[in-house]
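One structure is given here, and the rest of the page talks about it.
The letters A, B, C and D name the chains in turn, as written, and every chain counts its residues from 1.
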Amino acid sequence: MARKDGPTDRIVPQTGHTAWLTSFTAGVMVFLAVFALALSLAAGRLAERWQEALSNTATIRIAAPPDQMEFQTQAVLNVLATTPGVAEARALTDDEQQKLLAPWFGADLPVEDLPLPRLIEVTSAGQGFDAEGLRQRLSAEAPGAVLDDHGRWRQPLVVAAGRLRLLGQVSILLIGGAMAAMITLAAHAALSANAQVIRVLRLVGARDAYIARAFVRRFTLRALLGAGLGAIFGMLAVALLPGAETEGGFLTGLGFQGIEWAYPLALPIAAAVVAYVATRLAAFNRLRGLP
Amino acid sequence: MARKDGPTDRIVPQTGHTAWLTSFTAGVMVFLAVFALALSLAAGRLAERWQEALSNTATIRIAAPPDQMEFQTQAVLNVLATTPGVAEARALTDDEQQKLLAPWFGADLPVEDLPLPRLIEVTSAGQGFDAEGLRQRLSAEAPGAVLDDHGRWRQPLVVAAGRLRLLGQVSILLIGGAMAAMITLAAHAALSANAQVIRVLRLVGARDAYIARAFVRRFTLRALLGAGLGAIFGMLAVALLPGAETEGGFLTGLGFQGIEWAYPLALPIAAAVVAYVATRLAAFNRLRGLP
Amino acid sequence: MRLNPPQGLGKDATAQAAFRAVFHVRNTRPVIALEQVSYAYGPEPLLTDVNLTLAAGSFYFLTGPSGTGKSTFLKLCYGELKPTTGRVTIFDRNVKDMKRDELAIARRRMGVVHQDCQFLDHLPLATNVALPLTVAGRGNELDDLSALLAWVGLGGLADALPPTLSGGERQRAALARAVITSPDVLLADEPTGNLDWDMSQRLLALLVELNRMGKTILVATHDMNLIRAAKQQVNARVLRIRDKRLQAAGADL
Amino acid sequence: MRLNPPQGLGKDATAQAAFRAVFHVRNTRPVIALEQVSYAYGPEPLLTDVNLTLAAGSFYFLTGPSGTGKSTFLKLCYGELKPTTGRVTIFDRNVKDMKRDELAIARRRMGVVHQDCQFLDHLPLATNVALPLTVAGRGNELDDLSALLAWVGLGGLADALPPTLSGGERQRAALARAVITSPDVLLADEPTGNLDWDMSQRLLALLVELNRMGKTILVATHDMNLIRAAKQQVNARVLRIRDKRLQAAGADL
């Protein structure tokens, strides 16, 4: 059916500001979407990293008289060994304890001479362990042991990162929706501007599908072109952003990593699909309205 | 001159998709700009807070035999009292030292019994003090004192926050530029779509200024309308965002605070100005091109 | 062919039969038929009680003062407007039952010259004139294009863009576009309004030629000289719109 | 008035003087003057060597086959086109020296009927017809609007939108718009192409009336009957474009 009507390529004027507007709109929106995507991915990485770092580790602090320390430590390790969801439990060495304190008290703190509590790092596996159950068992077996599962004071960070990711995703949806609306309006504007073209084509016996196709093709290509350029510039801009500051510890760079660089390439295709659907609806809608 | 030509209000068709496109474009762009503004302000607050917290405080750690501790502490305080740029210097109490260590060793650490270093909190004033100079004086007067100005390990955070702010500001500029370009294109599209209007007006003796004014007024009002709605929706959306998570400590809410709520109201005005200038240039440019 | 008898004849059956005899009712298949058609843009009807059967191979002129509904009548004939009441049949199909695609296909068998000739302004004249063939997927049948353009006096303007044409050149181009598919019916609305006498004679010769090939022709015009000239060459009948009705106008010509 | 003498006269000064005498050269101030004007859209000139002085209060018809440059000539007269060579003077100002705003002001003293009548399609007919007054800030002088509309037969259509008008109604509206400011000059391009005889007589009467009030009139038309009818009422001269030149055409009318 498409072929029988003949080539539609030149039926709709090539130039025209609505056409450029379409390309430009698609370009700008995709450019912004690339940023939103980068934000969303970075926030996702961040949330994941924190989530992982925090939910997978817990600390047990054992404060006991020096002579009972060894015994209680062993008791705790025994309890942990039989706790489901605990992958690994390990008493920190003096060196490690020293490092933790260094920012506060300097590297020359004589840890071994101090009656400091002993710290045990617990790495959980799978769904993690039941913190409340563990606490009860510990209080029975090793009264000087206190479980600190970190969640209390770091959880808000994870929540915040999750929200950032959500914000990025919502932004992409918003941007996509706005782009669809703009392209629909631009298509309607182009159809209005080309009312005479439609009238002439109708007069000489062109079918709706033939007329619509000419507009849809032009708009889809326009949107694809603009969106492609937008994606390229967006990726360039993201690549040129100040690099990831991993020293910052909790901030990850606003950029793409590895395979993520392929994701923004999907945006122009999505934009073209949006343009195709939006223009098609607009065209048939408009054609139905004309005699 | 404006009045003499008579009312221009109805000369340009009221409706038309390019007109809606203009409103919608302005609306979306201002909506996005509100977010970028919120991001930029939040990042600014963050950077400022961190900057202030870090650049204004430093810690001096005194590790000395218990008998010399009191003496060296006093010596350090004396040195600080005569250091330009130091606003306040204060030895932490045992209680305070305890709180610093609590996350690691629990609240029941017997600080007073431990040979822990003494910490002195230094609050700087104005431009801050000369850290290198202070170090040299300290090593002479109190050999056990070590200056830690925090910058080493927290500075990247400040840099990151500053970049976030910059990103927000650049986004606003990008969005504004894109909006100007889109409105220019929309104006050109409208001028093309209304070529007949221009021809008729020329024929009956209308001056360029008269014709241009009709278009410029319509577009400026359109842009103002769209941008106003965009700003309102943007502010609503920001207000509805999950609230500021100040517990997170280093993350501040992505929102406006106090007088900042007035800032986004400037955006519609800026959009209207952009629309005015863009349409005016487009109109006169186009009119010059027509016979 | 059926036609509203002039009002003076009233309901007299013999008079009506005589009237019909004058118009040589042929028994060929009708191309376009209007039965009891009325049309109204607003509350007031513009045309009422219109009956007309365009037999294949007939040649009609349509006259009437400006604003009486000639263009409206033509639009009813090619289905751009649908009758308010009554029935319009194009190629044996009721217009009201035709889907838009069917109508498009039917249009390919009709040549239409609009009163305000419109073109695709971004494409050269030759492409515009060939458009009906292109749209119908018959772009390969374009041999006669330059001969046709030469006949309507546009030989040198094949590459000109429509907005640069003069008023008369546009009308000629519109006629050329209408006849390029060699349609079964030609509906032309004031095709010589902007043409000098010589050129309108030339176009008339083209129409007469087409009619002799068996095409049905209906031309709305104010130009009485054109009608007179046509009547010397071909069996043309003249319709007139008066008092919202379609009448035969024979007496004054 | 100065005019290219018919080519047959050659360079003979006496013959030229005689020719000029025929055309009653008045000594009133010229409204529009073309001196040695030529115009070319492309490499080939369309008009060359055109000389014409439109004296105030004169009445001209312009004829010539389709595509010879009548509309182009009118556009030169009201400054939409600037001559390739030569000088066009409107109200004593050289068109080439006029800024666009000056031209706009000059246009307010001229009524122009385009061959394809264009309107502001979103505004009702009455507003469109009054547009020249509105644009000139003379909206208060609108008393005669309904009388004018009634004269051109558009009394009942004041609120109609231009796209719903018939071809002839548009032409009448365009003429009404051109004369509403009571301009010093009226340039009309084929103003009766879509009108029946009665209506074109009516418009002619309007033009004659304006001419008697001292207005200068220039009408491009193909309608010889119209010209003949005009010559019975007013001292109208006929110009013709032939061989790219402007000539007087008296003999055949």
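By our rule, a contact is a pair of C-beta atoms (placed from the backbone, for glycine too) under 8 Å apart; a residue touches a chain by one contact, two chains touch by 3 or more.
Since the structure is predicted, the reported quantities are computational estimates derived from the model, not experimental observations.
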Connectivity without chain A (remaining chains kept where they are): one piece
Most widely separated chain from chain B, with each centre as the mean of CA atoms: C
Distance from the mean Cα position of chain C to that of chain B, given in whole angstrom: 70
Rounded Å distance between chain A and chain B, as computed from the means of their C-alpha atoms: 22
Mean-CA-position distance for chain C and chain A (Å): 65
Contacts with 2+ other chains: residues of chain D: none
Sequence positions of chain B contacting 2 or more other chains: none
Category of the chain touch graph - line, ring, star, complete, other: ring
Interchain contacts, given as pairs of chains that touch: A-B, A-C, B-D, C-D
Contact set on chain D toward chain C in their complex: 41, 63-67, 70-71, 115-116, 153, 164, 166-169, 172, 189-190, 193-199, 222, 224-225
Sites on chain B touched by chain A in the complex: 16-18, 20-21, 24-25, 28, 31-32, 35, 61, 63, 100-101, 103-106, 108-110, 113-117, 119, 146, 148, 153, 156-157, 159-160, 163, 167, 171, 174-175, 178, 181-182, 185-186, 188-189, 192-193, 241-242, 245, 247-251, 254
Touch list for chain A against partner chain C, complex: 4-7, 10-11, 13-14, 196-197, 199-210, 287, 291
Contact set on chain D toward chain B in their complex: 80-81, 100-101, 104-108, 112, 114, 118-123, 127, 131-132, 134-137, 139, 177
